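Let me begin by handing over the structure; questions about it come next.
Per-chain numbering from 1; labels A, B, C and D assigned in written order.
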Amino acid sequence: MTINVGLIGYGYWGPNLARNIQATDGLRLAAIADCDPSSQERAAAAWPQTQILSGANELIEGRGVDAIVIASPVHRHAEHALAALRSGRHVLVEKPMVTKSEDALLLIEEADKRQLTLMVDHTFVYHGAIRKIRQLLDQDHLGKLLYYDSVRINLGLFQSDVDVLWDLAAHDISIMSYLIGKSPSTVSCIGQRHFENTPTNMAYLTMLFEDGLIAHTHVNWLSPVKLRRTLIGGDRRMVIYDDLDPDEKVKIYDRGVSIQTAPRLPTEKKVDYRTGDIAIPALDRTEALTRVVSHFRDCIRSGCKPETGGPEGLEVVRILETAQQSLTRQGQSVPLLG
Amino acid sequence: MTINVGLIGYGYWGPNLARNIQATDGLRLAAIADCDPSSQERAAAAWPQTQILSGANELIEGRGVDAIVIASPVHRHAEHALAALRSGRHVLVEKPMVTKSEDALLLIEEADKRQLTLMVDHTFVYHGAIRKIRQLLDQDHLGKLLYYDSVRINLGLFQSDVDVLWDLAAHDISIMSYLIGKSPSTVSCIGQRHFENTPTNMAYLTMLFEDGLIAHTHVNWLSPVKLRRTLIGGDRRMVIYDDLDPDEKVKIYDRGVSIQTAPRLPTEKKVDYRTGDIAIPALDRTEALTRVVSHFRDCIRSGCKPETGGPEGLEVVRILETAQQSLTRQGQSVPLLG
Amino acid sequence: MTINVGLIGYGYWGPNLARNIQATDGLRLAAIADCDPSSQERAAAAWPQTQILSGANELIEGRGVDAIVIASPVHRHAEHALAALRSGRHVLVEKPMVTKSEDALLLIEEADKRQLTLMVDHTFVYHGAIRKIRQLLDQDHLGKLLYYDSVRINLGLFQSDVDVLWDLAAHDISIMSYLIGKSPSTVSCIGQRHFENTPTNMAYLTMLFEDGLIAHTHVNWLSPVKLRRTLIGGDRRMVIYDDLDPDEKVKIYDRGVSIQTAPRLPTEKKVDYRTGDIAIPALDRTEALTRVVSHFRDCIRSGCKPETGGPEGLEVVRILETAQQSLTRQGQSVPLLG
Amino acid sequence: MTINVGLIGYGYWGPNLARNIQATDGLRLAAIADCDPSSQERAAAAWPQTQILSGANELIEGRGVDAIVIASPVHRHAEHALAALRSGRHVLVEKPMVTKSEDALLLIEEADKRQLTLMVDHTFVYHGAIRKIRQLLDQDHLGKLLYYDSVRINLGLFQSDVDVLWDLAAHDISIMSYLIGKSPSTVSCIGQRHFENTPTNMAYLTMLFEDGLIAHTHVNWLSPVKLRRTLIGGDRRMVIYDDLDPDEKVKIYDRGVSIQTAPRLPTEKKVDYRTGDIAIPALDRTEALTRVVSHFRDCIRSGCKPETGGPEGLEVVRILETAQQSLTRQGQSVPLLG
């Protein structure tokens, strides 16, 4: 049975969602709502057979859709998602899920109560590169994780409703959270707003975990070059994930050190270095958003929990909230509350 | 008149210093002291005409040298440099100058009192790339500085007497300090010691300046790849300095944003982006250490203050000390005391 | 007045042409013809307001189009273009224009006689990078040209109707021809067909010019990596054009040698090397095909000759024909007949 | 028993040979001969315990050396090597071995008659990267070889006594010859001499083999950038060897095509593409010249033939001679005589 999907928001990301919804077996792009007339026009030209509406409420209150995909501005996510769930629709919401963790909890509760699918579009989690790294971790290929270091910088679009953390670090936190599978105990964040009346445009975010793992993200809208690079250091192998490399996104290094815990002689070298082969695995090149949308369909059909559902969305929001607190205290370490 | 130079320490860096001392007009490598017999042997084989001594004291207490270059382990710097100054010798000491700022003050005072040259080997400050960037700043080519971000990571030599901050970040702080020419107001540092009985092996250091400039350094002995990259963001132009690029070490980007402070219409775009040319200047390729050693000679001769003298060495030590304090408080921001 | 455009061929390149025709002011995509039913379907879905036809003849013999764009298989170009011109339509034909120079001459003559626009889609000629390099040459920025060396290799689509020369080298020859502005005197080509019943899949093409300029192209469908790189050596400056570099496509090197023609002393060094700055100019990022299509429109309107008209298409075909002759004689140098 | 070695020529490469001779167990650097007084001075300063002579004859006619290493200008190789062999000394001669194949034959005959070691310093053959690639070939890891393509270009030292072929292509031919293990049937070469009274400064060399393998080398002294890259295409796997990459010199690509020889249906796709993993093996990082020198010692001791002995040196000379002939005939294909 075909699932009729309504899309709220046809700005930057909406067209990609629309294209993937329409291309997914079992889904039909039934309606698109956007309050901006020029977006409505673009939507109408591209999707002649889809109903174009001028507001989210119209879509939510109307009939004819079974599921709603929310790509409205971030500060409207909570309101739109809650209304959609309350009207009995399954929901796929853009990242970041909401701006306050209490809103995330509300959505999770509502979805659970009504047995509806609530999914967050943490797109990168569905990317072939991230899947491959997760597989390496699941097979204990990297050993114990020591650090996670990511850089996501470019001469970027200054957003008006979110700062660089909620815009860019949201990606890194969702990826890290999926790969590491546990929560940090503390969060520190230092950043800067370089221009009046604009949001924080660069930030350094550090997370400490109980077992000694340290995670760090540099996000920046003011870099002259675009970088999307993550280093993952395990005590057995290390990985570099460079999202901009067309051919070599994931490199696995058989490199590291061995520490001799009890050298027999005081003059003995305590640290041994290992420099072995590098492997660059072929990756599944399916567009990540295609997988997001088909996973959403599968969850609706099966009733199973999405891989990036409410709790995963909440985790990202909690870390961002805590980072924001730390930012206002000049980087003081803030415990992540459970 | 030839200046006779004694060298204390013939380990990793000592041979480079010896080679440059001997190759500099007006200097003569008169003596080398090292307590390790195998180092003595290496020194004797390489410098058949130089006196080889088995200890620093022997060199300092002996005669025949006018200046002393100190490349002993970091925790001996203060002792060796103070004795050398008290014995009336000019001193060039490896970075980091000393491990405590009170020792740095003592050395500065002693050198001033005796009108001796006290210089610190902040090698990178004498590198063609750094000179070029400083020239760009002096000519106000980059505009107001917004951020300074450096990464200095590799699968590195775990040092036994210093941690990764005193080993690697000392370079970044000395470069930054030379380029920026003012002190940060606060310092934060988070890091990790991943193995027992070894020093902190990775750290993130953030410095805030009064005018909104933010500086950050990532140093790491556990990276699978070697990176030496610095981004310098000005509001007029930006620079990337990649020390490992054989051909394109300094790139100057005519890129950035212009913020409209008072848009006439609410719908007006507030941020304009600029993506202009990139320039890669040819650099002076003189070996940096060659310049260090000849600058030391010139200062001895002229009595002028070195570009990286006692005060500059002290500045690096003060920032490292403050970073160390922040590190023990999980990254809490610590004011840099004057 | 709107020009109604018909498109023949909706395979790989056709959709890009369709999109650009439709997006160009003054042009209307009136009809698309393709004999393959699945291509017809794709065209119908994408262009609901365009007439979809099952054959080129239907389009040419029908009414309602003023200009015809030909993206049919290469061996049909001559037939389709000639019929289109004879029916009084302006023609834009994909590269390579035709497979025999006599056909090119026929088309040129027909277009001239009827005062119709005949243009060849040498897309790269309209690319911002190539325009910039041409400008450098026009301003004598590079000095006298010494060599032109291009590499265009990848794990490529084995074409069934053309070999690697007519597929890939056609690009290099059209670019070179536009930049250099004169014809080679001789052409040599060595290549290999590695698999039975498939065309030549790699080739090395060398062209000599009367003034000492040497041009060389390596084209290959069997490379493990994709490279699109051209070196242009002038005696004043040199250029590297790397089409795959997202940010640094054109690099201008102030490098070269100066030869002392009459050294005063026999021991004097005869060659001086110059290693100056590198400049990376910002480029016009307009899609090249957008410019192709709007230039076609402008030529139709004004009656002016296109920058890549019949004679430019013929030049590429003549060089390819000569290369083919050389290829069958194991690389023997063949004069390019005028 | 220690082998006393005499070195003829202390110019660019001589110091590297001297250092490796002296550092090799069982060898002693007994004498260095160079007719240039400044080279003699440099040699005397660096090797205080070695006899410094002002001419090759003095060394050859004198006593006290058992083996002679020849790094004199290329056109003197034959004369020096022949005299050395006739005086009963083992010989290691720089590449290219000699300038005429008849001289190579003479040397081979002389060494055979006297049962002396005659070795050519094809340094790259002893490089960890080339050894690794040879191992891949020996294990049939790459399948049937289809092509060999190398680029060796830079803003290079214009040599006075050899052209770019004998200077640079000698390396590529020696590597190719070692890896492929068979002779080409024909050789073509096109090049250019851009300045009067200087040798050919760029050339394209193509070699065809009986089984369809095609090899090509681009050598150039006038490139703005330095490239040292070789592609080796097998029908099972492909290799890229980039000598300038500090960390990833050899990359093995599991990529290629499969041609269906008899498609069942005419519409069936005839070519299948394979894009699998990339592997970057860790390499033995021993300096290649260290291996050259110790292999020379081993051959002297054991009487075994060197891996790069007279016949291997001759092969390179024969190909270069044939290339030179082709060069004078504008690239006409010339059979390689056996």
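Everything that follows uses one rule, which is that a contact is a pair of C-beta atoms (placed from the backbone, for glycine too) under 8 Å apart; a residue touches a chain by one contact, two chains touch by 3 or more.
It should be emphasised that the depicted structure is a prediction, and the values quoted were computed from it without experimental measurement.
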{"item": "Path length in steps (a step moves to a chain that is touched) from chain A to chain C", "value": "1"}
{"item": "Farthest chain (mean CA position) relative to chain C", "value": "B"}
{"item": "For chain B paired with chain D, centre-to-centre distance based on mean C-alpha positions, whole Å", "value": "42"}
{"item": "Centre-of-Cα separation between chain B and chain A, whole angstrom", "value": "39"}
{"item": "Chain A and chain D: spacing of chain centres that average the CA atoms, whole Å", "value": "53"}
{"item": "Residues of chain A engaged with two or more neighbouring chains", "value": "225, 247, 275"}
{"item": "Complex interface listing, chain D residues touching chain A", "value": "247-248, 254, 275-282"}
{"item": "Partner chain D, residues of chain B touching it in the complex", "value": "48, 225-226, 247"}
{"item": "Chain C residues within the chain D interface of the complex", "value": "146-147, 149, 153, 155, 158, 160, 186, 188, 190-192, 194-198, 202, 204, 206, 208, 212, 214, 216, 218, 220, 222-225, 231, 233, 235, 238, 240, 253, 255-257, 259, 261, 270-271, 273, 275, 330-333"}
